[in-house]
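First chain written, first letter: the chains are A, B, C and D, and each begins at residue 1.
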Amino acid sequence: MLPVLFVAFAALLVVTSLMVVLHKNPVTSALFLVLAFCSLAGIYLLLRAEFLGMVQIVVYAGAIMVLFLFVIMYLNLQHDVETGLQIAVRRGIGWFVGALMLLTGAALLKRGWALGPANEVMPGAEQGNVAAIGRVLYSRYLFPFEITSILLLVAMVGVIMIARGRTGHPSVRMGPAAERGAAGGSA
Amino acid sequence: MIPLSWLIGLSAIVFTIGVVGVLVRRNALVIFMSIELMLNAANLAFVAFASEMKSLDGQVFVFFVMTVAAAEVAIGLAIIVHLFRLRETVFVDEIHLLKG
Amino acid sequence: MRLPLLWIIPALPLAAVLLNLLLGDRLGKRGTALLACGSVIAAFGFALRAVLHLAGLPEAERHLIEFAWTWMRVGDFSADVSFLLDPLSAVMVLVVTGVGSLIHVYATGYMSHDPSFRRFFLYLNLFMFAMLTLVLADNYLLLFVGWEGVGLCSYLLIGFWYERPSAAEAGKKAFIVNRIGDFGFMLGAFMLVAATGSLNFDRVFAAAPHVFATGGAAITLTALLMFLGATGKSAQIPLFTWLPDAMEGPTPVSALIHAATMVTAGVYMLARSHVLFEMSPAAMEVVAVIGAATALMAATIGLAQNDIKRVLAYSTVSQLGYMFMACGVGAFGAGIFHVMTHAFFKALLFLGAGSVIHALSDEQDMRRMGGLAPKLPWTHATMLVATLAIAGVPLFSGFFSKDEILADAFASGHYGIWAVGIVGAALTAFYMTRLYVLTFCGAPRLTHEAEHHLHESPPSMIAPLVVLAVLSFIGGYVGMPFQEGGHAFARWLRPVMEAGEVVVPHHELSHGAEWALLAVSVVVALIGIGGALQAYLVVPGIATSLRERFGGLHRLLEHKYWVDEVYDAFVVRPFMAASQWLWRVWDSLVVDGLVNGVGYTLELGSGMLKLVQTGFVGTYALWIALGVIALVLHFTR
Amino acid sequence: MAALMSNPAVQVAFWAFVKVMIILNGMLGVVSYLIYAERKICGHIQARTGPNRVGPFGLLQPIADVLKLLFKEEFIPANANKVIFHIAPILAVFPAVVTFSVIPLGPPPMFVATDINVGLLLFLAMSSLGVYAITLGGWASNNKYALLGGLRSSAQMISYELAMGLSTIPVLLRSGTLSLVGIVENQAGWYAIPGTPLALPNWGIFHWYLVVPFVIFLITAFAETNRAPFDLPEAEGELVAGFHTEYSSMKWALFFLGEYMNMIVISSIAVTLFFGGWHGPGLMFGTNGWLSEGPPWMGLVWYLVKLSALMFFFIWVRWTFPRLRYDQLMGFGWKVLLPAAIMNVLIAALWIFARGGM
């Protein structure tokens, strides 16, 4: 049962992420990325990481990608025009490097890993691993956790500072582009 | 039980796709998405090893990675929007003032 | 038992400094004065409290240590910030805070017209803080902190009127000369650390007899190095030249720093580490000889000076010489005793001189004074007391202390030193009387405008004078001679002075001999005074005729044996030349060449490297990817 | 065949399938009659008798509506993004259905489709996915009103999700599990009001530190379902019909369906978290009374009773309150609800900690 589901999810993941890269319309790419994240969440569930699976959906699908969609709609981006020699060249290079990287990855895969189980049984395997993760997070990783919160605070401040531009009020620095973006689908 | 090598292979493939996306596309937003893909590939590897080693640390790391990703996306998108206001474009090959 | 609260004594002036800095001109003149004086007087109160508490203890336990915090701990060496109160530091702390507060009060009057009133008291309080730290420290490191602190403050205060080039010069001179001494002191301290592994007084003194061979080279070298520090701080040969120039500072400063307190730090340091010095007779001899020589030399110079403050400065140098003489002959107690009495009358002299200068609107040359006695009754009276005290007239404080020094020198068999001391005493009496006469007696020789607004100083300046006069009269009676087992002061100091292993045997003179010595010194003093009166008051011709007859000698004295010139020629100029060469050749050619060369190479290299920066994100990403691949391949190989 | 049927995995799958089918079709029916109910209630609130022509009391009205929608002509605006235009309505329904699969309708195992140990997280995740339908629908239909409506709604939902998630945390603190079944079972029984002989059912709402969370949850629920007074995305006055301006016939019906399903889902979550799920007051059942719950189906009945009460409340509010202005909405969400929710988490945590819980 598990392998079947895994293969299904994996295939979905690979296809969708390929579509993210290949599709010309940023909105569609974003949607495929959402799908990819959801399938990844499925894989997490298969790996008995329920908490991560859900958080994956909440954070990535529910927050980050919505943000992406926002921006795309706000900037009102249509299909990317990707023509011309330069693009072709870079595309060739890109795929070549990708193939190279995949080969190296295969080389890595062949080596195999010398790691044994750290514990006999996965902590919190029975009543869901939320409590277990919480216990680890707030005991051994407490300091990184706090640091992360600070990081988020900094990010918030930074975003506000960037978004409002140099002069005080955001509405002041609305360039023509921004107006077009705000005008929505009229374009 | 899913063999570790499958998971790692999958993660490698997804990572590579992300790399290719970064290299191939010229739309800053799509590049950003590809970076997210890479991050998630790394997360997948983390979770895979965590379940292999039957320890939660890997999952905790994934948690942190997600937080960082959230912060990074927020900042990055803000920058892209600002850039668009200034330069009217999100195509990274039209923005190369920073050359030596 | 209740705490002695030692830390608060230095803390009070420091707090005043900080407040002064914090509030700035919001304080106003009155506020500044109140803050400064108040803090110092409060410190005096606390010091008195602590000392009374100390006196209440049995003699064996008069050794309070108050640990504040551990300053640093390096390996097994550790230095604490902790304070020590024993009879010795008790005397010093009382003198410093007491005289200090009097002089603060005096300064409020003296500096009242100065534009940078606040800055002055800022420095003064800072000085009090440093000095008290020095006196109360219980280890050489903290003592050195105070030592440097007072050096800094003396520099700042000498150059207080920095718009006057001479003042700035004098400040620099004082600082640099002191640096030489401090360097010696530091080396001494290093040797102590190397030998005993600690700088704490008790531990050092406890360990010294075991690590040093008595009279050995190591201990002698250490002692001499520390003595070099003392000569710097206390203006002894060869480093005495800065003190006379230090008179460029405001007179209260001269009184406080360059007469009463700072310059005696060297003596205090010697007395504090008498255990080390007593272990090295050679060093002791050097100290004695240098002290005697300084005493004589400064006294002779003092004869020929005309600037009232310079005369006082040289007399200070020579009195310090007496103190070192005492230390050298092993009579550290006598030395400290003289420190105390000297603090009283010399501060008084300076303040009096200051009052005169104030009255004559900044006239300092004695040749344009005279006949001031009726105009400045208070100043005159107090100055007279001080003059008698320093001249060693019986029943005045100076008499007792100086006589004790001479007696001890004689008793310990240093007859030559004793003789020099006697001559010095005569000269002291002479030039002090000369100063007194030229200033207060005879016909006025004032310039017109000085005469115009000639006025007695305000009470804020007179009151300290009176107090100091009383002190310098009665100050000596704690040291009445002819008492079984030493006089009160000696008994008070005994717990400190008898510490340590090697104690110089205290030679008891027979009363007869002591009477004889007394008589001699009294006679000598009277001769000096009489001679001066004769030469400057009764028959003024004598002085001039003498000056004609011994013209060369007089010029020699007037120009202070040309010491400054000699130093200038043999030390300063070569040094200057060397540094010039270093700057012109080494620095600007070699060093700058290297630096710029590095810069140029980098510029060239980066100019080539920057071509890598295409500015396209894609390129960077490509390089990153390739780099990752390369790394993986390298590590999986 | 028999072997296959005897395979436990297959059985699990089979029963799950059955339950899902029941729930799905059940919900479709319920929704259509919910619309009927809404029209009736709003009619009475507005002093008129709602639909009453088709069938007795207009009971067949929903069926007529559905048929009408099915046969209506489909209209797709020019140069709209076809694919996304089609996907959006599906996305509107899908999260609600998925969430419903973890809601315990009655005592397990019979009335519980699946009991996963992160049920609440699943609910949150799905509600966060709900944004897409509206945003994409608004964007894809290539119409400025629709776009503005979509952007508004997504902003609104994102802002209110935070408060909603935080308002559920005190419940978790109390129950110590994320599984909805566990949460409900945690609310079984009674607790005596200190100092009085009286006793209340051990539901969340009857614990003082869960009252404010419940209020917050309710408000956010309105916002999440885009219902009045938070129905700005479809504010007729300003945005024609908001994000589904361009939608017609069955697609529009799907949006509608999604909205009402979301209503049902959120109300059932509220029932589960705060009103003791399938537990009834249990007064009249059993010989020794207080604690016994009666037969399982009775649980289902209790659940339905509570649910319909909440649904009525929803409709009632919609036809009673005026709409907020947009800035008011945002300010309220960020400056009032969020801090209040955080304070609640703290207070509840302290209280439970002080009581030696967890």
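Going forward, contacts are C-beta pairs under 8 Å (C-beta built on N, C-alpha and C of every residue); 3 or more make two chains touch, one makes a residue touch a chain.
Quantities reported herein were computed from a predicted structural model and do not represent experimental measurements.
Check A-D against A-B and say which one is joined by more contacting C-beta pairs.
Answer to which pair has more contacts is A-B.
Go ahead and note the Å separation of the Cα centroids belonging to subunit A and subunit D.
Here the centre of subunit D sits 28 Å away from the centre of subunit A.
Roughly how far is subunit A from subunit B, centre to centre by C-alpha average, rounded to an integer in Å?
Taking the mean C-alpha position of each chain, the two centres sit 6 Å apart.
Could you put a whole-Å number on the gap between the CA centroids of subunit C and subunit D?
Using C-alpha averages as centres, the distance is 88 Å.
Hey, how far is the Cα centre of subunit B from the one of subunit C, in Å?
Going by mean C-alpha positions, subunit B sits 72 Å from subunit C.
For subunit B, write out the residues touching at least two other chains, lowest number first.
19, 23, 26, 93
Can you list the residues of subunit C that touch 2 or more other chains?
Those would be 618, 622, 625.
Name the touching chain pairs, would you?
Every pair of chains meeting the touch criterion: A-B, A-C, A-D, B-C.
In the complex formed with subunit D, which residues of subunit A make contact?
Subunit A residues touching subunit D: 1, 25, 27-28, 31, 34, 50-51, 53-55, 57-58, 61-63, 66, 69-70, 73, 127-128, 130-131, 183-186.
Spell out the part of subunit A that touches subunit C in their complex, as residue ranges.
90, 93, 97, 100-101, 104, 107-108, 111
Using the touch definition from the top, list the residues of subunit C that touch subunit A in their complex.
618, 622, 625-626, 628-629, 632-633, 636
Can you list the residues on subunit D that touch subunit A in the complex?
Subunit D reaches subunit A through residues 9, 81, 83-84, 87, 116-118, 121-122, 124-126, 128-129, 131-132, 135-136, 139, 141-144, 146-148, 150-151, 154, 158, 161, 176-179.
Applying the document's contact rule, which stretches of subunit B touch subunit A when the two form their complex?
1-2, 4-10, 12-21, 23-27, 29-30, 32-34, 36-37, 40, 43-44, 47-57, 59-60, 62-64, 66-75, 77-82, 84-86, 88, 90-91, 93
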